[in-house]
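Here's a structure for you.
A, B, C and D label the chains in the order they appear, each numbered from 1.
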């Protein structure tokens, strides 16, 4: 699987650019590139549903972020001002990666998913639900309750945004 | 294995961005990167070498499929990420209206 | 400068938008109804529908788009979609369980209505997603900008 | 039993209906929200009563009719029933309080929609038997709470909400990463199934890493000390009913309950995790109370005390002995009652005189007698004065520490309790006793609805001490046994599924 490694390296590069670059608009565009890399990775990893969803979500996120940040990229204080804090953060991340490396060793190797429960979905999914797309069968039938949660999250965010952008929060007559 | 590790490196970059950057939009971007990494990790975990995508087609016998369950979960997770991003952008825009900046070193009306 | 931007973009953009927006909407609907046969589904389709409205709004300015579809109707649509989804899930109680998927079953796969209430779920999801995301977009971008003008 | 999904359906339906019809008729949000909360309280008491009669019983609901590892299951055992009663009791009282209190804010229907969504999320986390489903409902509860913290739309509230949302998202990412690791190792998401697979496969180097991820994620949600930075900003900034909900219920369900459910019932507790939990609990206890003493903002002081009291709960649960867990759960219940009462009191003061600064108050006892009386009860409870509930739970935790040969931690708990007493003496002295400030001559007691919920919570504070004694203690003992005999969880669930 060379493609996935190349895509991951591309995403890491885009992410580093997004973190490092001073200009907010460039940063947003760079993270959009990383998102497109993610969409391609989903395609390579045989998840076309996710590739479509990630693509459209990425476009929407970009539109929102660009409209939110445009003309507002004021200068901001550099992050490397406190050398000590950065050092602590890097140490924490290094420990995190090291621990992750040791724990990854005992996981099943890449490309050898166990599919203990998913085997049942693949075996019986089409007959039991009538849906040739197993993803649809899972999200709307086997695990439909999760999807109820998912749409509720989106609904919550919509109401939350409407609540947050109110101009007047408190009635001021006392 | 290498793919897993690269994915976690991406996670760490996002985490670094959240922890060390002083700009609200950059922090939101960091959260986005972290979400990308977690979603990708889930899909990597469910990959099978030579597997087909989990969609049956007429008149075709498919023997080896990638794990469909992580894909269903990540679909939910992408939506959650979108919801969180929208909410954070809304708060950031309001903060910009109140303080006139995205710089968190200048946003400090709260003591703690 | 700012005002001309509010009123929309150049003629080229407007013409292209006018030609493509119907196709985008149609593509969204296609994706919604074929979610169980091919990649896609209610969520991706809903986002595409929301994007087509956002497209109109960016090209023609907010008045033109908000005349067709404003914030409160978007929010009502999202609530209606959520209610439909919950009701569908509760209809499953007739069959004994929350979320039971029992009607229209026993048909061959690969048909458009082959699999119980999954297509109806997809429509409900697309309503929530389309309405909710459009409401978020309008609240974040358009109304916010309008208020900046009045300051 | 068919009523289990109603714990999620009722609040969700109420939320969607309020959002659909709420802006057209003024009373609809109040009526729908309160009746939904009342129905939830009734159902949870009914459920707890049903489970109380048969100790060790467990109910499993198969969503969609799919048997557990394939579909999602909802699991209700004694611990779940206990949490449901706690959550829905507090939530109903807060809903009643909000009828009057939230008239100070605009757009009440948005408040009630988000509030019902938050309850749906909390109940969903409590009853779920599936790890990813737990994550989804945790996100519903978290996202609605981010929005609710910023409900007043003032600049401080936005700032606090942003901080809270960022920390919460990081915590969620850690939790999701942990779930991904566990999924890769066990290839299942059902908690009972996962517990059996983990027991079958034995120890792996993945487990400590996953434990640390979950500890960081849920520790952030519970505001344990190294991860507590967001709480003292977020909780005071919210409207008072939401502060009560966040401090009283949210951090406990999303943090303590989820943590103990996953560690005791799924991953299997080991002594290293236990000692980390005890240490973090004791640290939170001390740091929280030390930071609280210097505060002059009433709600901020209460928020720091939340950190300290969560420390007691974690200390009790982290001891791992039956008595310790009993004490921890008992303190969890007591804390959600008296802390929400204290936040409602602060809301009542804010409603009446419009300030949260202790130095500006004084002598309010004369003007607001009911608020003063309920506040005195709650303060004595949190400080651990004998006849009230807080005394019994703290005593049990301290005894459990001694019993488990952790005399040092018992000593820390005593010191924390004394400092808490000092801090609440200060609240009483500056807010309610002393000379009435000239500014507040015209201050009036708050309306009846707000008084009613405060009085009920105050009465619960007095009565709840009885839970330490038989026959009522069986209610808590059953709940504690779920954690004490954590390894039986999988077998019980499989037995109930058949």
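In the analysis below, a residue touches a chain if its C-beta (ideal position, glycine included) is under 8 Å from a C-beta of that chain, and two chains touch if they have at least 3 such contacts.
Bear in mind the structure is a predicted one, so any value in this text is a computation, not a measurement.
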Chains touching both subunit B and subunit D: A, C
Highest C-beta pair count, chain pair: A-B
Most widely separated chain from subunit B, with each centre as the mean of CA atoms: D
Averaged-CA centre spacing for the pair subunit D and subunit C, given as whole angstrom: 36
Subunit B and subunit C: spacing of chain centres that average the CA atoms, whole Å: 23
Cα-centroid distance, subunit A relative to subunit C, in whole angstrom: 21
For subunit A paired with subunit B, centre-to-centre distance based on mean C-alpha positions, whole Å: 2
Sites on subunit D at which at least two other chains make contact: 12, 16, 19, 63-64, 132, 136, 139, 143, 146-147, 150, 153, 158, 161, 184, 187, 189
Multi-partner residues of subunit C (at least 2 other chains): 38-39, 43, 75, 78-79, 82, 86, 98-99, 101, 109-110, 133, 136, 139-140, 144
Subunit B residues counted as touching two or more neighbouring chains: 15, 45, 53, 55-56, 67, 69, 73, 75-76, 79-80, 82-84, 86-87, 89-94
Arrangement of touching chains [line / ring / star / complete / other]: complete
Touching residues on subunit D, where the partner in the complex is subunit C: 2, 5, 9, 12-13, 16-17, 19-20, 23, 61-65
Subunit D residues touching subunit A - in the complex, by the definition given at the top: 12, 15-16, 19, 63-64, 66, 69-72, 103-107, 110-111, 113-114, 117, 120, 124, 132-133, 136-137, 139-140, 143-144, 146-148, 150-154, 157-158, 161, 181, 184-190, 193, 197, 204-206, 208-210, 212, 354
Subunit A residues within the subunit D interface of the complex: 99-100, 102-108, 113-118, 120-121, 141-146, 148-150, 152-153, 155-157, 159-164, 166-171, 174
Subunit A to subunit B touching residues, read off their complex: 1, 4-5, 8-9, 11-12, 15-16, 18-19, 24, 27-28, 31, 34-35, 38, 41-42, 45-50, 53-54, 57, 60-61, 64-65, 68-69, 72, 74, 76-79, 85-86, 89-90, 93, 96-97, 100-101, 104-105, 107, 109-113, 115, 117-118, 121-122, 125-126, 132-135, 138-139, 143, 146-147, 149-151, 153-154, 156-158, 160-161, 164-165
Subunit D to subunit B touching residues, read off their complex: 132, 136, 139, 143, 146-147, 150, 153, 155-156, 158-162, 165-166, 169-170, 172-173, 176-177, 180, 183-184, 187, 189, 229, 232-233, 237
